[in-house]
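As structure tokens, here come the structures.
Paired with chain B in one complex and with chain C in the other, chain A is shared by the two complexes that follow.
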Partner chain A sequence: MTTDAHTADQPYLTAKGFCITSGLWLVVATFMGLLGATELIAPDLTENIGWLVFGRIRPIHVNLVLFGFVTPGLLGAAFYYFPRLLRTRIYSDKLGVVTVLLWNLTLVAAVVSLAAGHTQGREYAEMIWPIDMLVVAVFVLVFINLIMTVRQRREPVLYVSVWYVCAAVVLTGATFSLGNVIWQPTSGALVGIPDAILLWFYGHNVFGLLLTPLAAGVAYYVIPRACQSPLYSHTLSLLGFWSLIVVYTHIGTHHLLQVPVPTWLKVISIVDSVAMVIPVMAFLINIWYTARGRLGAIHADIGAKFVFTGTIMYFFVSIQGSMMALPQVQRVTHFNNWVVAHAHVGVLGFAGMIALGGLYYVLPRIAGKPLYSRFLADFQYWMVLIGVVGFTSVLTIAGLVQGHAWLNGETVYRVIPQIHVYYVYRAALGLMIFISAVLGLYNILRTLYFNPGEAR
Partner chain B sequence: MKMTPMAVVVGSLMLLAAIVFMVVYMPWATRVEEPSEILRPRSDVEARGRALYIANGCVYCHSQSIRTIDWGLGAERIAQAGDYILDQPILLGSARTGPDLSQEGGEHPDDWHIAHFTNPRYTRTLSIMPAVAYLGQQNLEDLTAYVQGLGLKQADRRMQRQRFWKQEAIRAYEAGPVANVEWLHATVPEGWRNLPNPYPTSEAGLARGHKLYQDFCLGCHGPVGDGMGPAQPYLYPPPLNFTILKDRGISGGILYYQIMNGITGTAMPYFKKELESEKIWDVGNYVAVYFINQSDANTEPRGIDAANEP
Partner chain C sequence: MYFPYFASYILIGFVLSLIVFLWALKNGQFREQQRARFLPLEDEPDRAPAPTTRISRLETWALGLLAVAGLLASAAILVYALING
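Showing the complex of A and B:
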């Protein structure tokens, strides 16, 4: 991980483009989340405005968070550290900029089509076929750019971050195509129970084969750099990488434990969900031992602070996820807000935090100037941290209220007023996250453009 | 292990292929193809309604998947793989922000659904579902047809029952208030008709009844019990005006029975799954005291006073 003349004067246009994309869509995505949360408190707020109905806002929120905020943010960092780790230039910034523009076009098309009610109705696979094609196209373009950069490298050894990003892009290209059933353009679906099995295989791999490896790649880059200490263990890197691919891909059916799917498949998904502690702890021990005794350095760098917090969230969300796959636990937690809380720890607390950390780590280095405002970045850090912890607390409570009331024989309608107050808290916490996203976008733009700081 | 680009890309793709074979292809190759006893194809209008259900994201809040543990929720039938073999995509859902709809067909008559879709709070005052009147009348009817088909053959049986009793209810309603009340009372089994409300009227009981009335009844019967709630324009026969019940043989038992069991064919749902015994007596007495102005609470025969009575 050294820099030399070959990498020193790059414009990092692709990285820049992905960073701005991420910051921009974070604002839109959190607004959609806030709007949806508000509709659950005041359902007639947007009465009879079809394209703002909750059932259309929700998939827009989810898809924008996954593909508009987190993925581009993590790729922004990757397009910065790939040339540096490989001691070369990025293969083609021209191709990279085209990719970024196409990515944004895809997101706009996704928002417009979902708002208009064009959806395939399958969670995480809602987008209609033409947009699926655009998504596959951008993944192919990203892969070409990255793999060609790898091929022209001057550093013989591939660092673990490079493995993770290459695998994430190629595997997601494959699972996305499979999960969206792209050979069935009209329905985008299989028939009956196998459709659910495929959907959750793909759906869970959005986290397992896209967000997690991309986030791990950023953590593996930022933490050793910020701590200025070598990575703790190459063996753990290997174990974490291969076990992630093997174990994570088996667990999708834990979404279907209460559905008539084959029992052997349920058993596989439960066993592997518990076995997730292997890739999770291999990664975390590696990162945490690298940072051992150097938390001061992490605290000093806002990017590293975001990333390190993200790794702690990863610990919690993964242990929780393993427990939620146990049928006895799931009797209480399934179908209610517990799961929504879990999803937010994973996507915002873990992958989102690390995406923001990657952004704030690479932006000053791309700009060649300090971050426009460390205060704003710190403010965003605390808003997101308080937001996601608070969110998780209130939604977990709401989920427990729902789950236990249902098991006690109460109807869904009877429990709605009981959880109203938690919905109010959730929207308030969402407002904090949204405001900090707006300030974050301002900070990103001011760091890159009109930055009054001195060049270093 | 030396990690080359080839090892990373090809190695991970090979692993993925093996795992997809195991956890995606194998379940598909061994899938259930036997239809369950309730399966039937959906009609064209139901298919159109299903497309609307998908387009408006109903699936995010409503599951269509009854679990074994849902027997505790009052479910009558557990989902089987053979129920879904015509569904593309399958709409199991992942949350119950609203109730499960697997067996929703025939629970209510069509007009109840139109009122509910126009604004869910017209029929269910605490609902947090969005209004979907923006779809327009034709689409609301298609969506209703789809929902009325949920449960397939079981739903068809319930719909037949709804249609039969709707004719009876309309005939009674159109014969005038006296005949209507007589018919309503006659549909209640004899034993219930002569049963007074066994609990004395109390301030606390009326307060409980008031709250329950707001949460469950107000949308149709209106805040003053005259049957002019916001759902009224959509429903036929219209919601009952309680004031006409006075001096026409009403009893606590009749109120209890009708609230518990509902009046199939009309928009009056059953509440036996949502309200326990005391709550039904309380809301019945609230209606009797405030709207009918004639309560038989705590009159003979009343048996031994309950231990909690003041």
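Showing the complex of A and C:
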């Protein structure tokens, strides 16, 4: 094991930029979530303040979580491990810094425009055309930097994390453009059922072809390193990668099982949702076998601890997801808080946890000093964990109450008071996550700057 | 008529994936699989982890219990659904 002259002493500016971006927008995103949760308890709270109504706060929260917190966090780690795995330097840190700046500009523009009421009104595709174009542009810039790094590599074999990240960036660039119908700037939509199909093809790909592969890439790097043991099987990891590409791309229509889309499409989406067990278990078996007997080492490294917990959440969210794609199950779970619970296990519990793990793993290595406060990071770990488990419990219960009420033909206004108490618990849990995000940002900034720790 | 557009997208995606797969095959990406397992480790090793303390052992137990509780809850829902479904 040697330090490679080509990878040593890199400034890691791009990785640093993405890590700070992620920590910063996590604060804003969780604040928006908390505000939205509070409005669900007290709908009159922001009455007559147009830019703060729930309908505007929700898309801001969702888009910031996806593109402000999770994606940059996972990319921050990727920009650290790409040069290491490929035994070269990152192609251009200048380009990387420009990308990070443009990324942040895009996010500011998204918040301002959505708050001002400029929306295309399609879930996960709310942002208006000029901002869509900025998103495509930043993905293209990230791709150029990564693929050129791959081209100048000195390691001939591409490790599985490299495959995952390259695929995530290319596929998201393509499906984002399609899903946002960028060739129709004014509406950003097709008409009728084809629009729903296209939107959910894209919508599901945000989780399946952006967050999932980026998170898998981080886990495949951090777990072997933290355990100091080789990956259980690289062949299995490649099998998981290719089966994910084949299976995940077909399942978007499971969001539309109760919509008059063609039946053959529904059947494909259901069959492949169940078949998702193949890439999911290929990934999990590989990671868990790599960590077998080395849980102590994982526990000792806060980054690896976040990542490993994320893999356990991945198990739960995926098994749950495969069940939710069955029409009999969805008769109860659709159109209520059950799905919101699932969404939080996936995006915060799985991808978010791994993003934080990647971040805490690479930060001390970029800074060349230990993490400013292990205690604060551990505190954030527990707050996020309690938050996600709590969200899952209360929102699942609320969802079951709602689901059975809809099935029995109950009216909405009689059900809302029944679930009010769960909304209160949910906001309280959200407050915990928000506070820990603020402390997390402080920890990130102190680790990178004004860090009194000894140089490593 | 939207199917031709969707079908062409699927076709383009399929062909591109196939090209990448064949490149990987020809380029020997599936060959040195044993060495590939060690790639993340070909760097300076991480510092030795701190020794476990009583509190961290307790924490590990708490996390383990949480995961088992999750599994039990999932199993209970499944059994309930099968019995009442």
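Here is the rule we use: the second predicted complex is superposed on the first by the 453 of 456 C-alpha atoms of A that agree within 3 Å, B and C clash if a C-alpha of one lies under 4 Å from a C-alpha of the other, contacts with A are read in each partner's own complex, and residues count from 1 in each chain.
The rule is simple: a contact is a pair of C-beta atoms (placed from the backbone, for glycine too) under 8 Å apart; a residue touches a chain by one contact, two chains touch by 3 or more.
Computed from a prediction, not measured in an experiment: that's the story for all the values here.
For the composite obtained by overlaying on chain A, chain B and chain C cannot both be accommodated without a clash.
By the touch criterion defined above, A:189 reaches chain B but does not reach chain C.
In the superposed model, B is the one of chain B and chain C that contacts more residues of chain A. In the superposed pair of complexes, A:120 makes contact with chain B only, with no contact to chain C. Touch criterion met: A:389 reaches chain C, while chain B stays clear of it. Touch criterion met: A:231 reaches chain C, while chain B stays clear of it. In the superposition on chain A, A:84 makes contact with chain C only, not with chain B. Look at A:245: by the touch rule set out above, it reaches both chain B and chain C.
Using the contact criterion defined above for the overlaid structures, shared-chain residue A:178 touches chain B and also reaches chain C. In the superposition on chain A, A:49 makes contact with chain B only, not with chain C.
Looking at the shared chain after the overlay, A:339 reaches chain B, while chain C stays out of its contact range.
Judged by the document's definition of touching, chain A residues 158, 160, 174, 178, 190, 194, 197-198, 238, 242, 245, 249 lie at the interface with chain B and also at the interface with chain C. Residues 39-41, 43-44, 46-50, 53-56, 58-59, 117-123, 147, 150-151, 158, 160, 162-163, 166-167, 170-171, 174-175, 178, 187-199, 201, 238, 242, 245-246, 249-250, 252-253, 255-256, 258-262, 265, 268-269, 331, 334-336, 339-340, 402, 406-414, 416-417 of chain A touch chain B in their complex.
Of all the residues in chain C, the ones that touch chain A in their complex are 2, 6, 9, 13, 17, 21, 24, 27-47, 49-50, 52, 56, 59-60, 63, 66-67, 70, 74, 81, 85.
Only residues 1, 3-5, 8-9, 12-13, 15-16, 19-20, 22-24, 26-28, 30-32, 54-61, 63, 65, 67-69, 72-74, 79-81, 84-100, 119-121, 124, 126-135, 215, 273-274 of chain B touch chain A when the two sit together in their complex. Looking at the complex, you find that chain A touches chain C at residues 1-4, 7, 81, 84-85, 87, 155-161, 174, 178, 190, 194, 197-198, 220-221, 224-226, 228-235, 238, 242, 245, 249, 295-297, 299-301, 309, 312, 316, 319-320, 328-329, 385, 389, 456.
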